[in-house]
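Every chain is named by a letter (A, B, C and D) in the order it is written, and numbering of its residues begins at 1.
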Amino acid sequence: MNALFAVILLAIIVVTFGALLLVVSGMLGPKRQPSPVKDMPYESGLPGQETKDTKVSVKFYLTAILFIIFDIEIVFMYPWAVTYLDSVKAGTGGYLLGAMGIFIALFVIGLIWEIKSKALEWD
Amino acid sequence: MGVDAFEIVINVVKLLVIFLMMIQAVPILVWVERRGSAFIQNRFGPNRVGPLGLLQLLADAVKFLFKEEFLPRKAVRFLYYAAPVMALVPGALALAAIPLGPPIEVSAFELFGQRWGPYVFKLQGYDIGVGIVFILGVSSLGAYGLLMAGWGSASKYSLLGALRASAQMISYELALGLSLVGILLVYGTFNFYEIIAQQQGPLSFSWFGREVVGPWWLPNWGVFYNPVGMILFAASTFAEANRLPFDLPEAEGELVAGFHTEYGGFKMLMFYIGEYGHMIVASSLLAIFYFGGYGIPGLPVEVLEAKIAAGTSLGPTGVSVLTSVVSHLALLVKLGLFLWIFIWVRWTLPRFRYDQLMDLGWKSMLPWALANVVVTAVWLLLANSK
Amino acid sequence: MLELADYTFYFLALVTLVGGIAVITAQNPIYSALWLALTMVSVAGVFVSLDAWFVAGVQLIVYAGAVMVLFVMVIMLFDLRRETNAFSRGMVSGFLKLASAGIFLGLIGGSIYNSAETVFAPPPAELEKTADATKALANTLFTKYIFSFEVIGVLLLVIAIGAVTLSRVQGGTHAKHD
Amino acid sequence: MPNTIDTILKVSLNHYLVLSAVLFTLGVLGVLLRKNVIVILMSIELMLNAVNVTFIAFSRYSGNIDGQVMVFFVMTIAAAEAAVGLALAVLIFRRFKEINIRYFEHLRG
């Protein structure tokens, strides 16, 4: 409980510190001379061309979806891993290994399918 | 935060000090990085300002502070400014949860005519029972800083860089999380102190009901139980921190500077602080999980404390403080070594191509990490069966 | 006397509710997503205030670190900016919707208020310390709920295959009207 | 009577339940009022979070760990739902260049 308060306190401290730095460096820096060229987003020196839709590969979002699914499977392994040694010593390790074995087998099937279906191919 | 004023003040100061440690480590690391890269490439590096160029950092910081404020056209003002602040948060929160030394026991004392204590101060910002899960959770917030910067700048290089960076981060987070399962299996706890405590003393494990004990100088480190996990963990932390050979997000040839293309001055520096904070957290986790944390090989903390008590004429509080400081120095030595490896690798290995990077993460490291989990579990089952 | 724990709860509740309101009122989807991420983080804080440290960590890893990143990424991929008419139209239906949500809230609030004998009931003695709590969680998960656990495994496999297949579909919808 | 106010403000199970109820209602409002599918999905996540708060609160106040296990499952389902929902939203967007719930009636296997 106290740790929670400490975490919140530190988060507030960090954000305040960052905001303060922004403000201070904004006040100390020279005032800007606005000019349309300076305002342009960086474009390797060429005149900026703002296309309506930048082509971004759908692969990014596919990667994110697969990440969510595998991430959950990994999160399920944490409580298992923490309690595993205890149950091995208590003699029920085989059961726990079997339970997780099925789960990991499903994980592996999913992973093999993703690799075979070329969902993870980048060009 | 504590029972009385003294404890509360110390605990708040601890938070501030650990945060400042992260901030002040950055100029030093930048100096090491620049001098180190110069050394590797047979150059001089910054050597003009101050002895060995050490004051270069100060000059840089002052220069950064006096840079002009700049907001690109069409940028989303709030996100543009919030992104660098957000980049600071995960590193700072994660670092404060890492134990930097054994707890200091302060025995009761008299001050201002009042009786204080006894206290136990831990050398960390806050002690969280499930420290590993907390650090994983907090560092998974790192993607927001990148995404906000990419979106807020309204520049296509920034956007592409941010998307690449976050896709890379999440891909390697899988391997990272899975390589930790091996360590959790071996130690059976989420608590850093328990993990470090189990790594004290000589190498010893049970093998089919028989206790095997190694020579006294061979420490009981996690790396001997889980070498594959160590390699996977180290490699994925490189990718998480966006360091070479995984620094695709800021591949100069293709993306200018990635998600911080439009940033300059102190805002840029804040992204660097976030990145180095990530490196420091990763190095200390590597030290804690696989290399005994603040323990000294062949000299467990209790033995060290007894030796200090015997060798000096300090009171119990002094002995405790000295033990903590010595152990903390041991951790710092390990940290420095890993940080140097981070820098060394950057100037040695070439950069991956993006498809190679993703292939490595998904098709090599993830299966290896899975195999590591299965092998560790089976090994534990066999080794502990009678 | 109110303690630190109470103030912490009120702070977290405030952040949660402000985040929740901002999610449904922000006209720019990316702000909705970022506010929701904040809400998730403070809900994790609420979990911690209930001594559920492990679940709070999982909340951070899964929700704040994975699901919300996916949302933000999708919004960025499609370049969804400010929406001109983000809310569905219709005065009458809008009023009905608001009213029904209000009635719903009233129902829940009323039932909570009416269970007054538990209102000020003191909490039981603190649960086991975090490490043991996680182990207790694991023991329950892998004995009592083992079947659900394996079913979740199958579900995740199906989702993994289904999401990839969905993203490959080219046609399958009507041509655009109007 | 400051004492009574303190008793009411002292955090108990009901405070968590009220927080959860308000959060859930916000989610319902989001689903009813918004048109963008992605925002609707986010509102659903809001509702699921509210339910999770209830689970954890009851688990803590009745000293029963089952609630936490259930939260685990809810999170899994929520994440899976988000993954599939967003995949559908992407399909709609590719077709109509806009993510409006209206277009979902055109979905066909």
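In this text, contacts are C-beta pairs under 8 Å (C-beta built on N, C-alpha and C of every residue); 3 or more make two chains touch, one makes a residue touch a chain.
The structure displayed is predicted, hence computed values, not measured ones.
Here C-D and A-C are compared, and the pair linked by more C-beta contacts is C-D. Distance from each chain's C-alpha mean to the overall C-alpha mean is smallest for A.
Between chain C and chain D the centroid-to-centroid distance comes to 4 Å (mean Cα coordinates, whole Å). A straight line joining the Cα centres of chain B and chain D is 34 Å long. The mean-CA centres of chain A and chain C are about 18 angstrom from one another, to the nearest whole unit.
Chain B and chain C have Cα centroids lying 30 Å from one another. In chain D, the positions touching at least two other chains are 72, 75-76, 79-80, 82-83, 86-87, 90. Taken residue by residue, chain A touches two or more other chains at 2-3, 5, 7, 54, 56, 58, 60-61, 64-65, 67-72, 75-76, 78, 82-83, 86, 107, 114, whereas all remaining positions touch fewer. Residues of chain B in contact with at least two other chains: 1, 128, 133, 159, 163, 167, 170, 173, 177, 189-190.
Screening every pair of chains for touch gives A-B, A-C, A-D, B-C, C-D. Taken together, the chain B residues at the contact with chain C in this complex read 1, 79, 128-130, 133-134, 136-138, 140-141, 143-144, 147-148, 150-151, 159, 162-163, 166-167, 170, 173, 177, 189-191, 194.
Listed in rising order, the residues of chain A touching chain C in the complex are 1-5, 7-8, 53-54, 56, 58, 60-62, 64-73, 75-76, 78-80, 82-83, 86, 96, 99, 102-103, 106-107, 109-110, 113-114, 117, 119. Residue ranges of chain C in contact with chain B, taken from their complex: 4, 30, 34, 37, 41, 44, 53-54, 56-61, 64-66, 69, 72-73, 76-77, 129-131, 134.
Put simply, chain C touches chain D in their complex at residues 1-2, 5-6, 9-10, 13, 16-17, 20-21, 23-24, 29, 32-33, 36, 39-40, 43, 46-47, 50-52, 54-55, 58-59, 62-63, 66-67, 70-71, 74-75, 78, 80, 83, 85-88, 94, 97-98, 100-102, 104-105, 108-109, 112, 115, 118-124, 127, 133, 136-137, 140-141, 144-145, 148, 152, 155-156, 159, 162-163, 166-167, 169, 172-174, 176. Of all residues in chain D, those touching chain A in their complex are 72, 75-76, 79-80, 82-83, 86-87, 90.
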